[in-house]
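In the two complexes that follow, subunit A is the common piece, with subunit B as its partner first and subunit C second.
== the complex of A and B ==
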């Protein structure tokens, strides 16, 4: 537990946030660094300090264990229980996993498709999101403007996913806005039906819902970037593209990776978008889980969720390997 | 091409890209806005009929929308409670986080990340099973409240972290050196400086709870507003009253977010300024002069 950890030895420390933002805890404290810890040590016994830290951490930690960690573990446990008509009995079995991996099960097909969609969504989010973050952080010179524009882009994220998904129905439907506009300007003769209730439609909607998870970490990293490295490269005669490819891009790798992990994981675990944009015609593991729960097939639902998590972890590890994140840090 | 021209071109190109991006983000919401302004002959798709009318907005007030209104009431109460609890827990976690060893702090960040990345439907399933194992019936309180706070907590935590980035621990040290107790230091020095973070975390909690749907789906027999909307979307025929509701909640949320971010931004600046003053060369006198410490 956290209470066991020794207290910080010095006052100043640097930490890293997701997004690669370096955090300087105490700048001025470095100046007083010599005398202040001594003064504190004289007043506070180390045991008391540990206890205070422990007490501060206690309520939040307990809450997260009760309502986050425990449910995740319970999913794993129940996936090894035997299913009954009304739920489950606590007899250990691996049947739920055998069912998933049996040849008649479509689970792996669905999982493969969801993973492929998630990978495509991640790449598209990067292609759309990077230029946006670059524009906001580098091209908009005034910090106030760049943050104001960033907040305008960020605001829809805080509105309901459900309502954002709902808004796709009149936008992309057979008589939706996009089809109306395309027909009016004569680009198509008949409304496109692929725009709703298809994997394509789900992917487009997921990009819209998740792209800010890509923009945000890249934006913060670009904003914190040391511009002198870029100027140096320019002064040495590198062209704009060369500077971008060899200086800017490598320096924002951590932001790209964090964004990619978020988008990939959230797209893979999605339920609402697949269910509503897919209109029941497009499957995902999330939709499977919800269907199984309505049939009271809890252990089967839990096993599907567990395999999903394993697949997500593998996906993330591959992603990190692929980009050699270790070097980035 | 000269470098200056190239710079200008890339700036304009990227600016246009950003504009298209905003259309992509806000377009569907605007479509919903247009369709919500139809009169009683209007349907859920184009062409829009009888613009501009407030029919579907007043429809939200009549008996056909009673279930939506009840659910909205449930959601408001829940969102306020989630906001309060999430901000209190986020504050206590950040106080612990600042005192932790680097390793423990890292473990904490992973816990925060776990909350952000766990698929909502999985958490919902896990929560309902966990309660079943304990022999309890799932209900909005505490199971639904529990998962919603666990979802809102990381956002509140990150807001506080942003505030504390600009917060200098030396102010606290100075107060302690002058003889203030730990409790006095917290209530009279720390809290006044960072209360904006607390407020921000509460607003985040409110917003996230008000819009939460996947995590609550399997743990709440009581319909919250998003659950009610989901039910109507999947069972009944889609009517523009849901668009009207969507427009109201979307713009309400955006307004709240702006309010919150402006307050946080102002506070970050104030914190930096207050500390610059307190840590000026005569820092000891400056802190001693703080009226808050008179009783110490």
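== the complex of A and C ==
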């Protein structure tokens, strides 16, 4: 609800009991009544605390300028340089972008595919992640247990991403564990090739890697959810499913959206998973860029990166629009 | 405690509440209601009748079981044993959604993502009412609580008083038979509380349904209730009208909790025709024997209301119900003053009209004679 709580009346409040105090409505309203909490909060932030606000903002701002704004500017500048066989010369050109958008280029195809994969991965992560988060935060009654289970769910993150991706190969490969088991029990005659080096395999691996980015924000939001709103909904006649649909789900929209942004952005920018699980058969912009960098084609790589960033920003903006996050929920 | 008596059979005060009820099973009835959490008995064998159309306040300190009772009536907790009946039919086992009760929750529990109108129309929506119909009814209710201009605002954009009105509109639109209010004024500023008390009371009279209101605030209970149910330790300590509760506290807890009582202990020294003289910790008391029979040596606890205590300068107690004390401090409360006194090791309190403030403040540190009428000495159960 609203931030500050008004002071509670204590049990021994005789001192301020004015017996039959007669205050006209207008007076009461003027003194206390009709002031909106937000306005009250705004009043309590005097100008003197501007310095404090500035100091709080400082570390994050410095960090963002050094490691986000500056690199992006460098990438943008380099993307307008002319590529040479050993790097680039500082001659301005828009060739790098014309190459990307030329009809012979695979870039937009790949971008579309990656975006589609990222969208699918996001949806699958949500479908798997929400029930997990709901179970941990709501169904597990003891807070200690739900946090313990949450930490256990985080356990895969204690190992490096590369190892987790790498381990998909002996699991899902043509002679990997899954195929061996399925063949042995006679469900399939020939090993399934789709399990590795395919769009499908990449998507499955991405879901496995990223699902916790969905679980985490939803879990914390569910855990902090105002239970009385849920009780109120039940009290007003809502059945379990309707409570979820009308109260729980809308109140966790922010968590869903934050999780979705994480998963979508990470899936779209991914290159390790695409390279290892896709095995060169499945392209991604990340893989392209990494290839270009190893060939010293920095301006072209920078241009591809710039377009990717723009595409991701568009994707995220669309997501947030959909979520109406600016409304607070 | 004295309330143990109530475990087996409902005490006289419960009977009294019943006696005032309309005939037949109309209204809410709690029958030997008990709620046990892990190792705590929150509500201990409580029996109570609440007439339909009455305003009942459950009053007690936090942890006394009052909120648990409310939650059991609303269906948000299941009783360990006992029964809850509304108009003669048991509510136990019926989910909150299906009960003809609704709750105004502490801190209002509005839906933050819905507008005023969306909050108010929620109950009707859950009943499956058509959009047109429910929006019309919700709008009427929003009008009734005077928020039509704010109907598209969200709760965070409303003041505390406005949020309270939304909370009321949201439950009243569903036409409950019993309205349950859990500390409804907890989040409101003091002056707003005073105003909402009157509004809520008027609303209850207009609707003619039972309101069950939970609070820890004595003044709020006294000002609003038809009947007050004072609770402590999961048990009912006393049921009565505001006047009965404040003038005739049944036991030590009620006398202490309602405040402004001098609680005195002693043993019976002498029994006359219509009076018993008690040798109390502060001096001699004379109490009317009334229906009680006392014998010499009986241990007694009595209460004398602070506003029944008269003060006069002096150093000699002449008769029973006069005590010599030293004025320790005076407190100015606007329309009244409080005079705190020490009589030996014991504290005494008197409440006097404001006009005597100057006189009394001059007496600080000096002896006074505190006196009261025998009829104002109230015998307490321990």
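The criterion applied here is as follows: the second predicted complex is superposed on the first by the 257 of 329 C-alpha atoms of A that agree within 3 Å, B and C clash if a C-alpha of one lies under 4 Å from a C-alpha of the other, contacts with A are read in each partner's own complex, and residues count from 1 in each chain.
Here, contacts are C-beta pairs under 8 Å (C-beta built on N, C-alpha and C of every residue); 3 or more make two chains touch, one makes a residue touch a chain.
The structure presented is a predicted model; accordingly, all values stated were derived computationally and were not measured.
Novice: In the superposed arrangement, which partner chain does A:250 touch: subunit B (first), subunit C (second), both, or neither?
Specialist: second
Novice: In the overlaid three-chain picture, which partner chain does A:301 touch, first (subunit B) or second (subunit C), both, or neither?
Specialist: first
Novice: Among the partners subunit B and subunit C, which is in contact with a greater number of residues of subunit A?
Specialist: B
Novice: For A:217, decide between first (touching subunit B), second (touching subunit C), both and neither.
Specialist: In the superposition, A:217 touches no partner, neither subunit B nor subunit C.
Novice: Let me test your reading of the model: by the given contact rule, A:283 touches which partner, first (subunit B), second (subunit C), both or neither?
Specialist: Neither: A:283 stays clear of subunit B and subunit C.
Novice: In the overlaid three-chain picture, which partner chain does A:262 touch, first (subunit B) or second (subunit C), both, or neither?
Specialist: first
Novice: Should A:134 be classified as contacting the first partner (subunit B), the second (subunit C), both, or neither?
Specialist: A:134: touches subunit B, not subunit C.
Novice: Identify the partner contact of A:161: answer first if only subunit B is touched, second if only subunit C is, both if each is, neither if none is.
Specialist: first
Novice: Answer with first, second, both or neither: which of subunit B and subunit C does A:229 touch in the superposed model?
Specialist: Touch partner of A:229: subunit C, not subunit B.
Novice: Considering only the contact definition stated at the top, list the common interface residues of subunit A for subunit B and subunit C.
Specialist: 2, 5-6, 8, 11, 13, 15, 17-18, 23, 25, 27-28, 32, 36
Novice: Quick one: in the complex, what on subunit B touches subunit A?
Specialist: Residue positions touching the partner: 3, 6-7, 10-11, 14-15, 17-18, 21-22, 24-29, 31-32, 35, 44-47, 88-90, 92-93, 95-105, 107-109, 111, 113-123, 125-130, 132-133, 146-147, 149-150, 153, 158, 161, 165, 168-170, 173, 176-177, 182, 207-208, 210-211, 213-214, 217-218, 226, 229-230, 233-234, 238, 242-243, 245-246, 249-250, 253-254, 256-258, 261, 265, 275, 279.
Novice: Using the touch definition from the top, list the residues of subunit A that touch subunit B in their complex.
Specialist: Going by the criterion above, the answer is residues 2, 5-8, 11, 13, 15, 17-18, 23-29, 32, 36, 39-40, 43, 49, 52-54, 56-61, 63-64, 66-75, 78, 87, 128, 131-132, 134-136, 139, 147, 149, 151-156, 158-164, 166-171, 173-177, 180, 208, 211, 240, 261-262, 265-266, 268-272, 275-276, 286, 289-290, 293, 298, 301-302, 305, 308-309.
Novice: Which stretch or stretches of subunit C touch subunit A in the complex?
Specialist: It is residues 61, 74-76, 95-98, 102-103, 105-113, 122-123, 125-127, 154-162, 170-171, 174, 186-192, 194-195, 216-219, 259-260, 331, 333-336, 338 of subunit C that touch subunit A.
Novice: Within their complex, state which residues of subunit A touch subunit C.
Specialist: So the residues of subunit A in touch with subunit C come to 1-2, 5-6, 8-9, 11-19, 21, 23, 25, 27-28, 31-38, 226, 228-229, 231-239, 242, 246-247, 250-251, 253, 327-329.
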